[in-house]
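Below you'll find a set of structures to go through.
Both complexes shown next keep chain A, but they swap its partner, so chain B is in the first and chain C is in the second.
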Partner chain A sequence: MEQNILNLINTSEEKEEFINFLEGLLENIYKEHFQPIAKDSSMLVKNFWDCLNLQIAQRKITNNKEEIEKFLNSLLQEIRKLSSVKLTIALSPTDELINAIGKWAQKNLSQKIIFDIEVDKKILGGAIIISDEGRFMDYSLRRKIDYVFSMKEPVLR
Partner chain B sequence: MINLSDFTTLDIFLAWLVIVSTTLFLWATYTLRNTNQRIKDIKDQEEKKWKDLEDKAQRDYQEILQSANKKAQEIILRATEVRQEGVMGFQDSAQKMFEAQKEAIKQISLALSNKYETELKKINEEHIKLLINIYKDIETSAKSDFTKYKDIIQKQTFDAERIAEQKIKEEYEKLESEIKELRQKKLNELNSEIDNIILNVSKEVIGKSLDLSAHENLIIEALEKAKKEKVI
Partner chain C sequence: MKTINDYVEETGEIGYVKRVVNVIVHAHGLPSVRPGEIVIFENGDLGKVMSLGTEIVEIMILSKKSIKVGEKVARTGNSIEIPVGRQLLGQVIDPFGTPLDNNTIMKRPKISRPIEVLPSGIITRRTIKKQLDTGVGVVDLMVPIGRGQRQLVLGDRKTGKTNFLLQTIVSASRAGNICIYAAIGKKKIDIKKVQEYFINNNVMGNVVITASSPQDSPGVIFNTPYSAMTIAEYFRDQGLDTLVILDDLSTHAKFHRELSLLANKFPGRNSYPGDMFYVHAKLLERAGNFAVNDKEVAITCMPVVESSEGDIAGHIQTNAMGMTDGHIYFDSNLFSEGRRPAINPFLSVTRVGKQTQSSSKRSINRELLSFLTLYEKLRNFSHFGAELTESVRVTLQSGEKILGIFDQDPNIIIPSNIQTIFLTLIWSGNVKETDMKKLNRYRERLAALYTDNRSYREYVDKIVFSAKSFNDLLSIVQANLRQLFPSFQ
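Moving on to the complex of A and B:
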């Protein structure tokens, strides 16, 4: 069931945001009248909070703070363990792009991974991917163009 | 009253002895006084004699000194006269001797001059002869050498011409090769620059022409390749 919550996390920034949110919840779980969601909280955090409440309700532990704490701790550990892939792209990632990448990962990968996104305009397009194990692959448009030019060089001359 | 019969022999002897002794004493004293007086007289005489002698010596000395002075003055006077005479004589003699020497030197110089002139003339003639011979030798030798040098120079000129021609040819070929190499290098650089320009323009055009959807597709495509190659 946690898979639905984990599917909300696609980038390393989101991972850090969720971890901070969960740690805040755990610190204040026994406090009366605690409001975990502030007015300026992001939509992502609000979605995450909604999803958490749904999970708690489904588990029927709404009134059992100890169980909630247990559940939150378990979730926190799982989020911390998520492996990441470094993804270098040519433009600043929009929410749509991140969602599209997340959906692709969810659909095509057996294991949940998150993306550590870095922007480098020089690569023009495509992506450079570095795995958790350190494998490097350059699928950038720049490399493709360089390759084409290197192959066509004698013709150009 | 003295009674003679009371005197013994010894008394008489003693009395005699006293008288004799006194007499002797008186005689001795008298003699000694006379002797002293005589010695004193002799001393006085001696002193007087010495004084006389000294006075005499003094007088003699004065006389001798005056005599010597006088003699000396006479000698000086004479010497001065002699000197004056000598100088005059010497000057005359010297003049005469100088004239004689001058004449002699003149004669000798003349003789020597004549002799040297003759010798010099003789030497000059010999030198001229020698030089003429040397010139002749040089001329002969030069004529001979000139032919040799002419041949050598001619040969060296031909060799130098040939070497220079070869060198020029080599330099020309080297220069031609360098120019060719440089031209090729510059051409390559130009080509490379053109390629870079085309590449950069292409990149810029392609990069700018991509929309969000195209970017998304390229990223997804990259992820799929990565999956296929088991990078992720």
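Moving on to the complex of A and C:
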């Protein structure tokens, strides 16, 4: 159920945005006339809000603020627990690329993973992956070229 | 030199600094890091892994520079190592083997050893049989120290502990021992004075000083004694007897307490952490008498612990007593009475030293102790102002004379056999001279003769060695007065 909401999150910026939004909701949940969505809210937050409403309606807790609070708290915890992977790539990624990587990770690693994406043109191509627990994998083009040159160094001399 | 990126690629692991508390850093990541491993930060500084949590790695910084939150940290796969070799002799180095004197050019030894190793097991250990001459009469006769013994030096500040240790180093160096002096968190001026003392006594060639000053990072100060012990172990494995002086363990304990409190470890007695005993015991356990290539080689260790206002029942003091083979107590009351060295023989203990003494010296030890006990009793009694009998007066005079000959200038080294025959001479009642200064000057000339004249030295050694008991020695000395005690012009 919450999986649909979690699927909306792909990057660590989105994670932070959702956490801030949820914390704002929880602070103001008992206030009357509270408008969670402002005019300048991003499309992503609007989608998230729609998804939340849908979940609340499905659970039939629309009029029970205590139950809504419980639901939002559990969702907040779930989002905070999401594993993240730092990804350094050479080009600015498109949303489609991020979605594709996210789907691939979920399918192959059997868990929801979000990406902290950094763009570094110096790596030329490929990617450097740093897992949440600190594993470092360098699949960059720069490393491969360096490796080739180091192997060919005696020949080049 | 490798950078952090090289280490990251090599180990395939990276971490990020999450929290910095003074010299303790909490990092996230580094999944396979080991406790004790050296890690490198983004700015090139090194740290040592203290402990591992479920999600964080606790690291002690080994430099004074500050580390920022968010900095990268990588494993190096190494533990702290120090270069060891004969090149270290005569040098003043920091705990990582770098000379502290910028003007010195030292050829860096090729061999390195980790500074924290497991102590050798029981199979390699041998019974302590040889005595280590300290050159201080009261110690060599009443609280003897064996080669391989761990003897605590305990006392209030400014009671002459360091002077005694320096005398011991000079005496041991002249006897062929390699001496390692670990100055733990000592002021640079004090380290310089110690170095000058060794240079003036021509023993610096047999001495290594590992030093850290209060300006150093607590991590560096904490590692100083371990580094000294590693150097000692290297020379032991080369077949050389070594003497390690740890000056002092109470400072070391204070820095360990500081690190533990910063690391949020639960404080125990006097706010020291629960592993305080373990930290010192695993260090002192590395000393002893070992079998190395069918030869017995000793690491004698003399840790120093400072007491406060004569309280020897403090936490660190009793801990150290519990893990050593005895202690020499420097009494501030004796110091204020003018006794030098201010060693209290009644409160000092040696658990294995007596077994290293010859039978005559052991007999002297017993006689002296019972006599001085009687002297102390009578001296206290005489304070009441009662009229003293002739025998009491004689005992008090003899006691003062004997304590007088134990008075020794910090720059004077008296070989234990000279001290033995000189004491026998005084005990025999042949000396009518009452001026202690004259007597001690004569003893110093005897000591110089003993050091310089080989035939005289062999003669004295033979006499002391051949005597079976104190009475035996008394009669031999009586019969050879002229040869043993020449008159100097």
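Keep this in mind: the second predicted complex is superposed on the first by the 147 of 157 C-alpha atoms of A that agree within 3 Å, B and C clash if a C-alpha of one lies under 4 Å from a C-alpha of the other, contacts with A are read in each partner's own complex, and residues count from 1 in each chain.
Here is the rule we go by: a residue touches a chain if its C-beta (ideal position, glycine included) is under 8 Å from a C-beta of that chain, and two chains touch if they have at least 3 such contacts.
Keep in mind the model is a prediction, meaning the values are calculated, not measured.
When the two complexes are overlaid on chain A, chain B and chain C sit side by side with no clash.
By the touch criterion defined above, A:L52 lies against neither chain B nor chain C after alignment on the C-alpha atoms of chain A. In the overlay built on the shared chain, the residue A:R135 is in contact with chain B and with chain C. Among chain B and chain C, the chain that touches a larger number of residues in chain A is B. Using the contact criterion defined above for the overlaid structures, shared-chain residue A:A127 touches chain B, although it does not reach chain C.
Of the two partner chains placed around the shared chain by superposition, chain B is the only one that A:I89 touches, whereas chain C remains out of contact. Of the two partner chains placed around the shared chain by superposition, neither chain B nor chain C is touched by A:I79.
Of all C-alpha pairs linking chain B and chain C after the chain A fit, the shortest spans 10 Å. Under the contact criterion defined above, the residues of chain A that touch both chain B in one complex and chain C in the other are 135, 137. Of all residues in chain B, only 191, 194-195, 198-199, 202-203, 206-207, 210, 212, 214-216, 218-227, 229, 231-232 touch chain A in the complex they form. Across the complex, chain C meets chain A through its residues 8-9, 11-15, 28-31. Of all the residues in chain A, the ones that touch chain B in their complex are 85, 87, 89-91, 94, 96-97, 100-101, 104-105, 108-109, 113, 121, 124-127, 129, 131, 135, 137, 139-142, 145-146, 149, 153, 156-157.
In the complex of the two chains, the chain A residues touching chain C come out as 130, 133-138, 143.
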